[in-house]
Structures are given as C-alpha cells and as structure tokens.
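Mind having a look at this structure? Questions to follow.
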C-alpha cells in the first residue's frame, strides 16, 4: 500500500489503452533486446539511427609517457652516478658536484617530478619480494640497485649529487649548526624505524608511506596536499640551519647507504695527500661527518668497558627477542593501516550497531557481493602477517640498536682527521679546506704551505687564506 | 692497542670490511637478479575500473595535482543520444535546456549539442571537468552507462602510491599495462586497440 | 671574518637587499596561499550551501524565473571562483618558488663571505670523545627502553574486535526461527506467509457485520496512525503506528484485544532529526511488520528499523538511511530464515537489504537498477529453491534470499509500482497500472508467458491459485484470469474501489473494498458472490487470517471477527 492517486475511474482506463499499445511496442523491442542477450544491463536505450550524416566522434585516449623514457631515466641515473663518483674521487671538485646536483634537482626533481626515486624504490622492492604477483618495473629495480652498488664502490656519491631530495636540501644550507653527537646519534635511530615501518607496510601491501610522506614532491609538482607542502617547507626551513635534516634523520634509504658506504671499497678523503692535523677542515662539514683525531683518548676503566662489550654481545639475542616481542604486540594498530583491516573494523562497528551511518567504503563493500566473513577472514590473515612482521620489525630495530651501542662502547683511536664513511655524503665541501688540496690545485705554493703549518703549530693562525675561502661553494 | 700503527688490527678490519663488501654486493645483486627475473618490461599505469567505481567524488579532491588527472570520458558508441539525459540533467529538472539549474555538472563541462530530432550529442570539455563523476552516476542510474571516469594519461604523473587509489572506498583503482591504459566500455575499447596498432592516439 | 673589500661590499649589500625584498615577497605570498587554502577548506564553491538551498527552493517552485536567474548567476560565480582559485594557487606557487629561489641565492651569496674555518688560536681543546660516547650510550639506552615501553603500552591499549572473531568458534546455533510449517499456521507478514496472499488457516468466518456486531469478538480503537496491516503470531497481534513525532509498536492479546505492551522507538541512532515529508494517505507507518516467530520487526518511513522480542524488548534498532520517497516508504518487511529482507527502492535508486534478525547487522545490501517503488517482496518456494521476488519499475527481479544474488530479471514494468507480485504453480504474476499484468513462466528460462493491459491494479496486489489469477483495480473492478493463458474469465464491477488485496482462503477470495465491506467470492472460473460483510468503518489494510478468526485494522478500530461473537468487546 502506499502510492495512491485520486480520480481513477474506469473511463480513464479505457483511454489508457492507446498508450498501452505503444507500450507494447516498447516492450516488444525490450523483449527483442532480451533475446539478443542484453547481458549489458546498461544498454537501456537503443543506439539511434541517425538520418543526417552525423558521424560519431572518436574518444581521445592520450597515452602515458613512452616506454623509452624509462630507459632514458636509467641512463641519466647511471651517467649521474658515474659523473658524481668521478667528480668526487678523481677531480675532487665541489663545484662540479654542485652543478651536477643542480642538474639532478632539475631533471629528477622538476622534470621527472620526483617519481621514480631511489628512496621510494625500497618499498617497491619490499613489495615485490613478498608479493610474487607484482611485476616490478625495470626502472624501479635500477633505481634501487644502482645507488647501492655505486655506494659499495665509491661511498654515498648518490646522495651528493644525484638524489633530488638531497639536492633540494643541500641547496638551502645557509648557516649550519653542529649538533652534539648525542642528539645526532639519537635522531639517527629515526631512519632505522622509518625504514623498518616502510618495508613492513610495503611488504604487507598496506601502502607506500615513504611516498606518502615525501617532503618535496609538492615542490617538484607545484602542488600537493597542504600537509605535504607544509612538511616540505618545514624540512627546507630547518634545512637552512640543520644541514640536510631529511637525509640524516629520516631518509630510510640513507640507512642502507650508510651501511654500504662504511663497507665501500673507496671513499673520498679530506686530503689528497697526508693529514698534518692542521685543523682547518674541522668546521667545514655541515653534516658533522668529520671525526677529530683523538690520539690520546683512553677509557677510564678498561676492564669495565670490556665487560660491558661482552654483556652487550650476550644480550644481543635477548634484546632482539624483546624488541621483536614489543613489535609484535603492535600488530593491531599497525594492521589498522591496511585498507582491508580498516574496512573490516568499520563493518564490525556498523554490524555491532555502534555506528548508524554507512560510509562509502562499507556501502561499496556491502554491494560487492563479498560476505563479511570472507572480509574478516582476510583481515585476520593480514593481522597475522603484521604479527610476524612486527617480530621482524622489532628484531631489526633491536639489532641496529645493539650495534649502535657496541659502536659507542668501543673506543677507536684516530691519529688524524677522518671522515665518518657512514655519514659522509661525499659532497666535497671539505676538500678545499685542506692545504694539501690547495697545493694540489696550485693555488698555494709549497712555501706558503710550510708557513701555514708553522702558524698552525704555533696556534696563532686566524682563519684561512683567501684562496681557500673563494673556493667554497655552498 | 696502543697509539702505534697496528698492522694486524688494520688488516683484520680491512679483511672484514672487504668480505662484508663482497657479501653486500652479492646480496644486492641477488635481490636485483631475482627482481629482474620477475620484472615486467611493460610499464604499469593507474586506471579506474568503471565497473567497480561508485562515483564517490574523491577523485576530484584527492589527486596530488590541483586539477585532477581523472576525467569523465564518453563512449559514444554506448550513448543513446537521449534528449532526457540523466547524466546531463539534474534529477527532476523541469526543462531540458542548458540552464545552470538543470545541469548536473557543477562546472558545465558536459556539453550538449543538438544533432537531429530527438538526438543530442554529449561531449566533455576536459579543461572544465573536475572528475567528480556526478554525470557518470546519473548516466549509470538511468541511462546506458556510456560515461565513466578514467585516468587521463597525458595528465597523470603515475605516482608510486596514488593518493586517490589510497582513498578509493570501493578499491576500483588498479595498475594496468601502459600499452592498454584505458578500461573503456562499448566499441571504444575495440577501436582503441585498433588505433593502437595503427599508432594513432587521437 | 675578513672585511669584504669595497667591490664585494657593494655586491654584499645588493645581495642583502635582494634577500630582504624576496624574503618579504615570499612571506606575503605564503600568507596569501595559506589564506587561499583555508578558504578552499571552509567553502567549496562547487558545493555551496546557498546554491543547494536555491535548487531546493526551485524544486518546490519550478516556474519561478527570478529564482532561476539567481541560480544561474550564483552558479557562474561559483565556477569562476573555483577556477580563479586554482589559477591563483598555481601562479602563486610559481611566484613563491621564484622568490624563494632569489632569497636562497642571495643568502647563499652572503654566506659565502662568512668563514667556516676554526679559530686556531684557541687550540684543539681537551679530547671529549669518551665522555660524549658515554652520554650517547646512556641516552640511547633510555630512548630504547622508552620505545619498548611505548610499544608495549600501545599494543596493550589497542583492541581489535577482529581478534575476537578470529578466535571465536563458529557457534552452531540451532535454527533460531520458526519453521515454514509454523509460518503457515500464523500470519507472519504482509499478505500472510511468504506475502503471497494465501491463508492456510481453517474455519475462517464467512459472515459478520461490524454495524450490528454480528460475529465481532472484540473491537478496540487503533492506538496510533498507520496504514500497516496487523500480523499475528501465537496469540499475539502486532501492529505499528507513527506520526510526525512518535513511532511505536503495539502488541495485543488476540483473545480479548488487551494491550500487552507498547514499545516506543523514537530514539533510534541515526534517525533523521526532521521526519521526511509523506503524503496523508501513506503516513509514517505504511509498512507492515514481520516476524520470524521469535522476534518481530518493524520499519518506518524515517528508515528506522528495529527488531523486538515477543515481549517488547528492543533487540536492535538502526536507521537504514533516510528514504528518498515522495509519498513515504511503504514496502513491507518479510523474513527468510535468519534474514530480514527489505525492498528499499527510492528516488536515488533501489537497494535490497538483508539484516540479521538476531543482531540487525547487514548481511548484504545490494544496489538495484530500478526506480522507486512501493511494492512489497514475496518469498516463494518454486520446488527447487526459494526465490525472493520483487516488483518494480522497470523490472520484476528474483533474488536468492540467502546471498542476495540476482536469479532472473525481466523488464516489463513502468510507472510507480505499488502492487506486490503473486506466485502459484511455477508462474509469477506482476502488475502495475499503466503498464501490464504479466504471467512469468519459471519453467525453464524465466520468460513472459502472457500479458494483459486492461483493468490493471494500481495498489492492490494480485493473488493466484488453482490456475486462476485475481486482480482488483482501484476503481472497483475485480477480474479473474486464466493463469496459463491470461485469458479473461470474468470481470465484475463493485461500487467502491479496492486498495486492500484479495486473500485466498479455503476456496474463497476475501476482498475488502475501501468502505470496509469484505466481499467473499468463490475462487472459481465463474463469478459467484458468497457473502458481503460490512466492517462498519473504512479500511484499506489486509486482514489477518487465523484459525476461526479474522483481524482487521480499520481507520478507527482494530476489530477481531470470529464466530460466536456478539459485538460486545
């Protein structure tokens, strides 16, 4: 009952037979359509028979960027890596590195608009390793493998001049402050956690958080979500006083590059020759990657330190296990980031009567024909995966933590100024501070060098000589 | 370990370092090789499956581009060229004219041209289309479903993580091979293949 | 720092000037862009409330040209605002980029004059490597411990119901609903068991008179407005009522008409603040309730649905979304096993919703490609399976009630569909005024066997049995057709029209006209009136048939008819 209109009577019904006959025709055509198989439920209205000579326009279908550009990207990447390593190792030219960096910023940043990038490629690799169905593009493999391999040979020349994210930050360094080693060490744990989380989220198919929180994609594209732009602006602003904050304290790829760089076959050195401990390069590194010499350093209690080291080594599996356990406890909030789990929780809320209004997602799901039980089962599987992943994530963070502690327990003696191979971006800023480099370049003579050394020993030198200053580039 | 140079210590470190270096190299190479064997020569691009799309209007708002890469496309082969077009007209519109009060499209991107009695052609002005899908919804509800939302690949930057795909409530976004970048309805899908072969992409 | 030379001094000052100017401009642009962004967040010109309000107004007043002009002007303004804003953001960001670039370059140039060489006069200072390491180690350990505790507490605080589901054994509950046999013994839904218009109870009264009180067992006033029909289960009669402010379910003792309980349902979560507009002849409680023999279910024109226990306790209640319905939602409920099935066809498109009878949780919610309708679903057992059949414009559609998947779909309807379908012996009958009455043959691939376009029913649903189909038109014609061929066997005119539907009981058709007179006609190939029983008041509902009893909801009273009654309640 319900729909009612007034004034119906029999006479009206007789009048209605005319349209009804027309209705018959429509019905007939519909039936015909049914016979011809109108599985295409959309085809409600027949295609018209045009009397005029109207021709149907074609639907334009612009194609994506041609495939060849993918190879161009790989070629540019290789060329940039080769040049960066050549500039840093052979030419030792900060100026050339700087201009290569500007080129990378323009090409990978503004022209290619920040995608594909080596930092994000980590996630594709993790996803591909755990999801055999995913066909990973060639360029992504290249962007993952090549920087790591080059770093294994030549140190982080990729960071110096190829990565557009690094370049954007490097360009805005104005008045870098030196962070205490404690602060830098603590903040240095952040990339490790970020990397672990990014790999976990990528491997479980949850999402690519590195891309989601990329600081500069908004600048490269002249537009992004407000939060993204704000984050990017904050990183750049901070970057004027804390040099390369993203690279040092967030970049997940940086963790891998740090390790590779420590193992690298060759690494840039401050001096092309010998170090005379003249101290001129002491403040030259904005990233705090130059270790001062400590020829007389000594731990106050050698026995305790050795015991401490032994304890740490024994504790390594315990800490790994404990951290893994803590990580696995986090599986509920972590798994919630996965769309399927988030959807299941919404469906559960609705089914439990805790929420009255359906969301687009739950409505779409309920219309999809899948049952809630299927969804819950899948969500349960994902949660289990996160539980395992949580163990690995925690274990990974634990192991890095212990190795950092071991590094802080061992006292290495350094007779001269030395580069911290893990933290050094091979940017070449320190080169020109070294008098031997100036000698190599011919900007000072042997005599001047000797004079300087004498002054240095006397502790009376005030600042550098002018040729050195002129050679600073950014 | 006193201040004097220690050959043995340095050598041990050097040996450890170089073996770890080789090991890492092998590991990276192994991962690279494994991935390479699984890799696809074809680039993949984002696309919307119109059969799953629910026209929630998120495509208009969530693209990283200020002007979304998602636009409405029209499969002319499916269109009924209706006068009373439920994709063009506001539901319950009293008159079938171009008055703003009758148009469903918030930006007037869907253009209506008279062909012959009683047929009208509907085309999309891509500069104006914001990809909200209101017309698509209207056409799907009462028409032939000839309109659908598609990622336009001359605009799409093919982000590694598409921010629209992430917010899609019906999970209608997927990656498709770059040489078949559209999921079209009707004859258009076939004719697109043909044109691909000829190398002409309108 | 060395003093810059004179030439450098000029350059330095220039750089400083550029830095200051570009810095100021960059700052201004930043503020502008942020303001622009905040404005976009607060008002989306393309979805402005003002425009929506005007459109709403126009809908009520479609001929107002001034209003149209206003809409057009506002629309143009909105589009301009939208595209101008996009242009502003784009241009603004390019400009900002330029200024920031200039700022950075000039600042960098200035900083090139600053020396970063250490003051060698001070000497290297004491070696603090070890102290630093100690401090770093300590802080790292504390941070690590902090993270550990944080992770553990976050893990302990987070709760997931999914976990519970995963662990819980699937309870093997015995069927928590009445058997089909029990359903036949009662009157569980609109138009009886399965909604098919057939009563299975025996000893149905044949004669009564509401005016004289003959065979009237009891009579009580209807407690609240509503066009829904009573349902009966095991000594209890249920009906619902609603007006602009109230929604309630009433339960009566079938023996004496005593009110057993009343359940008010005004506080359902998600219920619209303002009741939707409905027409007077539909109201807010047009949908008939349903029962599974364990609970009763109700739905109102607000989209509020609820499940109540037999003693009136609310088990669940929820809003299904405000029905977009210009007369008012009126499709009735039906229960299949543990699923409450709802035909939710609205102006914005149709839905078929199945709710869990025990919890109200949505089991499925299928979009239907149909227009709005007011008909109710029927459940039929075709021998091989149970089908849920829905009549609507443009299709008669059959679904699997368990999964909600479409079994078949036949396009044959037009207009505003109100009559529900009927089923008998492998044939489905569906009708709507202005469209047709079709006989759909389910043997083999479902297809239209015949169709009739005369004397169609507008509201009243057909009933079929024994090779015959009966259909009552709202202007007062009752026609009887051959179920196999659609041939008209007889047609008779009555003085008052029919909104109520014919019900088949024991070889007779019971059909109540709008004045409340129930005509009892032999369900036969020849027309023969057995009785004419006035109710004493107008009625448009469907009577409920129980053994020896008929319950009718009139406009004013709820009346129980049974042999032996003397009319004194």
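Per-chain residue numbering starts at 1, and chain names A, B and C are given in the order in which the chains are listed.
Here, a contact is a pair of C-beta atoms (placed from the backbone, for glycine too) under 8 Å apart; a residue touches a chain by one contact, two chains touch by 3 or more.
A quick note: this is a predicted structure, and the numbers were derived from the prediction, not measured.
Q: Of the chains shown, whose Cα mean is nearest the mean of all protein Cα atoms?
A: Looking at where each chain's C-alpha mean falls, the closest to the middle is B.
Q: Hey, which pair has more contacts between C-betas, A-C or A-B?
A: Counting C-beta pairs in contact, A-C comes out ahead.
Q: Between chain B and chain C, what distance separates the C-alpha centroids? Give it in angstrom.
A: 32
Q: Determine the centre-to-centre distance between chain A and chain C, using the mean Cα coordinates as centres, and give it in whole Å.
A: Here chain A and chain C have centroids separated by 45 Å.
Q: Express in whole angstrom the distance between the two chain centres, defined as the mean CA positions of chain A and chain B.
A: Measuring from centre to centre gives 23 Å for this pair.
Q: Could you pull out the residues of chain A that touch at least 2 other chains?
A: 223, 296, 363, 367
Q: I need the residues of chain B touching at least two other chains; which ones are they?
A: Touching at least two other chains: 66, 142.
Q: Specify, in ascending order, the residues of chain C that touch 2 or more different other chains.
A: Counting only residues that touch two or more other chains, chain C contributes 89-90, 369.
Q: Quick check: in the complex, which residue numbers of chain C touch chain B?
A: 46-47, 55, 58-59, 62-63, 68, 71-72, 75-76, 78-79, 82-83, 86, 89-90, 347-349, 369, 371
Q: What residues of chain B sit close enough to touch chain A in their complex?
A: Answer in residue numbers: 1, 3, 17-18, 20-21, 24-25, 28-29, 31-32, 34-36, 38-45, 52, 54, 56, 58, 64-66, 73-82, 115-116, 119, 121, 123, 140, 142-146, 152-154, 156-161, 163, 166, 169-171, 178, 181-182, 184-185, 188, 191-192, 195, 201-202.
Q: So in the complex, which bits of chain A are touching chain C?
A: 1-5, 8-10, 12-13, 16-17, 19-20, 23-24, 27, 30-31, 34, 41, 171-172, 174-175, 180-182, 185-186, 189, 219, 222-223, 226, 240, 279-280, 282-284, 292, 294, 296-300, 322-323, 326-327, 329-333, 335-336, 341, 344-345, 348, 350-353, 356-358, 363, 366-367, 369, 371-372, 376, 379-380, 383, 394, 397, 401, 404-405, 408-409, 411, 433, 455-456, 459-464, 466, 468-469, 472, 474
Q: Which chain C residues qualify as touching chain A in the complex?
A: That would be residues 1-2, 37, 89-90, 93-94, 97, 104, 107-108, 111-112, 114-124, 127, 129-130, 132-137, 139-141, 143-144, 147-148, 151-152, 154-156, 158-163, 165-166, 227, 268-270, 279, 281-282, 286, 316-319, 321, 327-331, 356, 359-367, 369, 374, 403-405, 410-412, 414, 416-418, 433-436, 448, 451, 453-456, 458-459, 473-477, 493, 497, 499, 540-541 of chain C.
Q: Quick check on the complex: what are the chain A residues that touch chain B?
A: On the chain A side, the touching residues are 42-48, 50-52, 54, 56-65, 67, 70, 113, 115-117, 120, 123-125, 128-129, 132, 134-139, 141, 144-145, 148-149, 152, 207-208, 211-212, 217-218, 221, 223-225, 228, 259-260, 262-265, 295-296, 339, 359-361, 363-365, 367-368, 413, 415.
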